[in-house]
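What follows is chain A paired twice: with chain B in the first complex and chain C in the second.
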Partner chain A sequence: MSSKEFLRQECKNIKDVLEETLRFKYGLDGSKEFFEECETRRTFIESEINNVPESDYSSLEDIGININELSGLISRIERSSLGEYSWPFVEELKKIAIAVCRESTLIGNDTPPKVYVLSDGGLDAYRIYTEPNRPRVSRRRILTIVFPRTLKYFVLLHPILGHEVGHAIWRCSKLQYELKKIVQEELIDSGGKFESPASTASWIYDKNSPLAIKNYLSFLSKHGINDANLFHWADWEAWKEEILCDLIGLLSFGPSFVAAHCELLYALAPTGASFGDEHPPVGSRIKMVIRAANLLGYNDTSGLSDGDYKEGVNKFWTNLDARKQDDPWYDIFSDQQLISVMERISTLLGQYPPALYQETTPEVLSALFNKVQKQVPPVGYEINEDGLGICKKVDFRNILYVGWIAKQQIPDMPFLKLNQLCEYAILQQRGIDIFLDGV
Partner chain B sequence: MSALSRSSLIKRLNQGDLVVSPILKSDEQIGGSSIDLRMGAVVLVSRAGAQSHLDPSFYKKNSNDSSGHSSIETKKQKHERFDIPFNDSFLLHPGMLALVPTYEWVVLPYDLQGVVTARSSWAREGLNIATATIINPGYKGIITLELANFGEIPIRLYPGLRLAQIAFYELKCEKPDADKQLTESQFDMSFEPSGGDISAGDEPFIP
Partner chain C sequence: MSIISVYEADKSDLMYKRFASLASSYLDMPENAKSSTAQIPLENLFRLLEMYKYDAFSDESRTGILAVKNNKDRIVMRSASIPWQTKVVEVLDSAISEIFKGTKKDEAVDDLEETLRLLSSSNEIDDGRKRRARGFFNKLAEELA
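And then the complex of A and B:
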């Protein structure tokens, strides 16, 4: 079988598998758009195979890459089943992704992506596949959001996907230029540890770095990595992207992102000292996000009335502060740099509601918290003395924030139950929103 | 034991010890002596072909080895689970039994008992709640509705529909403090419907 014949066969295989995917249900949006998008791409690839000469190895190689991407996409989608992830959370997340990841495509200048969701193994499974390579005929980007299977009910950890939304925005042509400009002007040109790859390497190999970092560098040196070749192994651009995505996560999910980010990153890297070829030191990332949250005033309790809620908010932020690395080595940016970059990202996200997290009033948060204390899902609902039920819209990100406050203030409630209570609240709140919109 | 009237229901809901949350359309949902309940977003249906027949002895055998493979497999494969988001639907065929949670979250104080029945408008269409479900004092969570289609044509069900109603009855409590203490610790929060154990407590009668 020649390469061309093999690719043609694989194209037929993809058609069969694509048809197989229609055996399953894929949520409210159905599978029509997804099916048609994949079939358009497949037909295009098939025609390319037919037109390319057997001896044009370069073109055949490119076609092979596109076929692989399509095959991977379809097999991931086939594993998408409503029962394996929290669909009420997903419905809210989709609103953010669809609002902010629009771009110019063959069918329009402001085309939203198609979003599919699936679960996968591992605590670090959280990710959004953004389709870096698509055939020219692609009519829209397909974003595949992945949740860890074991964390189905753990909605309080799901705000970490705010970081992944950041990667998705970064990949979307419409906002990429603006974001790169913001990072360059506010975090790079303004000087400091990220002024250049050399300055970042010099920070990492600073002789005053904490012992945990020195130990980690010693481990890396055994693999031949040192200050001179750090960014031959690591990708400085990827480190910048990670930092940006942490800030987008914070600004798109608010306080619940800070807690989820801290819990998950420390679960995977308890010392905070480790870093990877695409990720800067965990301790620095966590410290930056907590500092940025404080600069946004999230930890300000001066306007709150005394009581359990205020106590819970204080505990939440105090406990987060206590998990920060003390050593100033872990600070990456100055307060002024963080304030400036967040202002500009906020302005950008604010143009695509509901992408930017909006703080609600302490009264609303306090009322939600009281419900959790009574083991009732925290939703926008009260009943007055006349027996009149009053329904209100509440952003799911505030339900998640209240869940985290409750974790501090109601330690007897198991974390799983607290998550389930918040997940049920997001589902109920969706019902309330539908009801209010229909009235 | 006396049933709570509309004004008593509202009074208890306001006090906060009785919770039915949220009541989206309170003027219509709170009736003279009951509160309408809406369908939630999960459906459990017995999987045809999973078992040849229902036999309490299977449950007895499995309860002796509740963490073993066959016990867990039997439990997990007994029902097929469907997540039904709002505006999506589920078709309940004639003769079919489906376990469905309520959309509302319900918390009962130590001195109230709840009784759940079908709404008569739906019952007239053939949709029945298989039994009048008793909700014990102290319960907190969703209520499982055992829906059955007694009619001859399939019924399409949408989450959010008002299918059931719950009436509350005051209990005579000789020792309120003891009753309160018992009920507060008796129930864990319930988030989803699940199958029951038909052998529990009756083992001596099952070979």
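And then the complex of A and C:
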């Protein structure tokens, strides 16, 4: 069989797989749009195979790569199973991603992406795959949201995906342009540790850096990495993008992101000192997010009435503050830099509701908290004095915030149970919202 | 371990060359632009024009927020490679300047994007617009390699 014949056969195989899987059913919204997109990609590849001479090995190799990508994509969609992740959370996350990740395409100026979801192994599975912008055999953009399989029930940790929404936004050309400008003007041109790759490297190799950092640098030095070549290994642009995405996560999910970010990052890097070629030091990222949350006034309890709820809020923020690295070395930006950059990112996200997290009143949060205390899912439903049920809209991000407050204030309640109450609440709130919207 | 490891070089230039050549052929035979497969080259060219308009070529694949690398992963220095879009942008600049003499970049891009939309939706395209787009895509197809 020649290479061309083999590729043609593989194209037919992909058609069979498509017919067996996406042709009929996938997910709550069906699979028609995925089927059509994949079939279009497959047909294009098939026509390219037919146009290529048997002896054009270079083109055949490229076509082989395209077939591999398509085959991988279909397999990922095929093994996506509703039973393996929290679909109530996913439905809310999709609303955010679809609202903000809009692009100009052939069919209009604000085309949303197609989104599908799957679970994968490992705590580090959390991510959103965005297809690249550079040329590829595709028509519409597909976002793949990935959850760790083992954390299916731990909905309180899922706000970490707010960070990944940031990466997805970054792929939209117009938004990338605006975000790049914001970062450049507010975090780079304003001076400090990220003024240039050289200033970042001097910060990392500062003689007064904490011992844990020095130990980590000593580990890196065994692999030939030093202050002069740090950014030949690490990617300074990637570090900036990660910082931006942490801030987008905070601004899109609010306090629940701060908690999930701190828990998960420290779970995998307990010293806070480690960093990677794409990620700046964990301790700096966590400290930046907590400081930014404080600057947003999330920790302000002055307007709250005394009681369990206020106590829970105080404990939540006090405990987070206690997990910040003490050493000022870990501070990346000044307060003013953080305030300015958050103001501008908030303005941008605010144009794409519900992408920007909106604080609600203490009364709403307190009422939700009281429900958790009674082991009832914290939803917008009350019985009034006349015994009549009253439905209210509640943003799922506030349900998650209340879950985290309850973790502090009701220590006897198992974390799994809290997560389940919050997941049920998101599910039930979806029903309440549909009722209120009269859909 | 995989049965083969092949370095996949960035072939963006070649893919755009192919897509530009297809777009040019659709301008000659607009009925071919109606098919769903024709939307692939047309959408890719539209996306390229958007990246060009906003100078938004940052497109690297990122690992997840919690990406854990263990000590079995090799620590590798990055090579000082030329950004993937360098040649494409050069050709876009010269094609715009040659075909849209004196027109502002954004206006030229808007004109081309509108042509791609008209082509993909099978609407009538006037001769002037068709001539500009054909010249532009032919230039891309000729100069990218």
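Structural remarks
The definition used in the following text is that the second predicted complex is superposed on the first by the 409 of 439 C-alpha atoms of A that agree within 3 Å, B and C clash if a C-alpha of one lies under 4 Å from a C-alpha of the other, contacts with A are read in each partner's own complex, and residues count from 1 in each chain.
Simple rule for what comes next: contacts are C-beta pairs under 8 Å (C-beta built on N, C-alpha and C of every residue); 3 or more make two chains touch, one makes a residue touch a chain.
Quick caveat: nothing in here was measured; it's all calculated off a predicted structure.
Because the two structures share chain A, they can be overlaid on it, and in that overlay chain B and chain C fit beside each other without clashing.
In the superposed model, A:295 lies in contact with neither chain B nor chain C.
Within the superposed three-chain model, A:146 lies in touch with chain C and out of touch with chain B [touch as defined at top]. Of the two partner chains, chain C is the only one touched by A:125; chain B is not. Contacts of A:17 after superposition on the shared chain: neither chain B nor chain C is touched. Applying the stated contact rule after C-alpha superposition, one finds that A:432 touches chain B and leaves chain C untouched.
Taking the C-alpha centre of chain A as the apex, the lines running to the C-alpha centres of chain B and chain C meet at 130 degrees, rounded to a multiple of 10.
For chain A, the partner touching the most residues, choosing from chain B and chain C, is C. In the superposed model, A:364 makes contact with neither chain B nor chain C. When both complexes are overlaid on chain A, the residue A:420 reaches chain B alone and has no touch with chain C. In the superposition on chain A, A:167 contacts chain C only, with no contact to chain B. This overlay, made by fitting chain A, leaves chain B and chain C with a least C-alpha separation of 28 Å.
Applying the stated touch rule to the two superposed structures, the chain B and chain C interfaces on chain A have no residue in common.
Interface residues of chain A, counted against chain C in their complex, comprise 36, 40-41, 43-44, 47, 61-62, 65, 103-106, 122-127, 132-140, 146, 160, 163-164, 167, 170-171, 173-174, 176-177, 180, 220, 223-225, 229, 232-233, 235, 237-238, 241-242, 245, 264-265, 268, 276-279. On chain B, the positions that touch chain A within their shared complex are 6-7, 9-10, 13-14, 16, 19, 21-27, 29-30, 38, 40-41, 81-83, 85-88, 103, 105, 107, 140, 142, 159-160, 188-189, 191.
Touching chain B in their complex are the following residues of chain A: 27-28, 82-83, 87-88, 91, 371, 374-377, 379, 381, 383-389, 391, 417, 420-421, 424, 427-428, 430-432, 434-435. Across the interface of their complex, chain A is touched by residues 6, 8, 10-12, 14-16, 19, 36-37, 39-40, 42-44, 46-48, 50-51, 53-69, 75-78, 80, 84-85, 113, 116-117, 120-121 of chain C.
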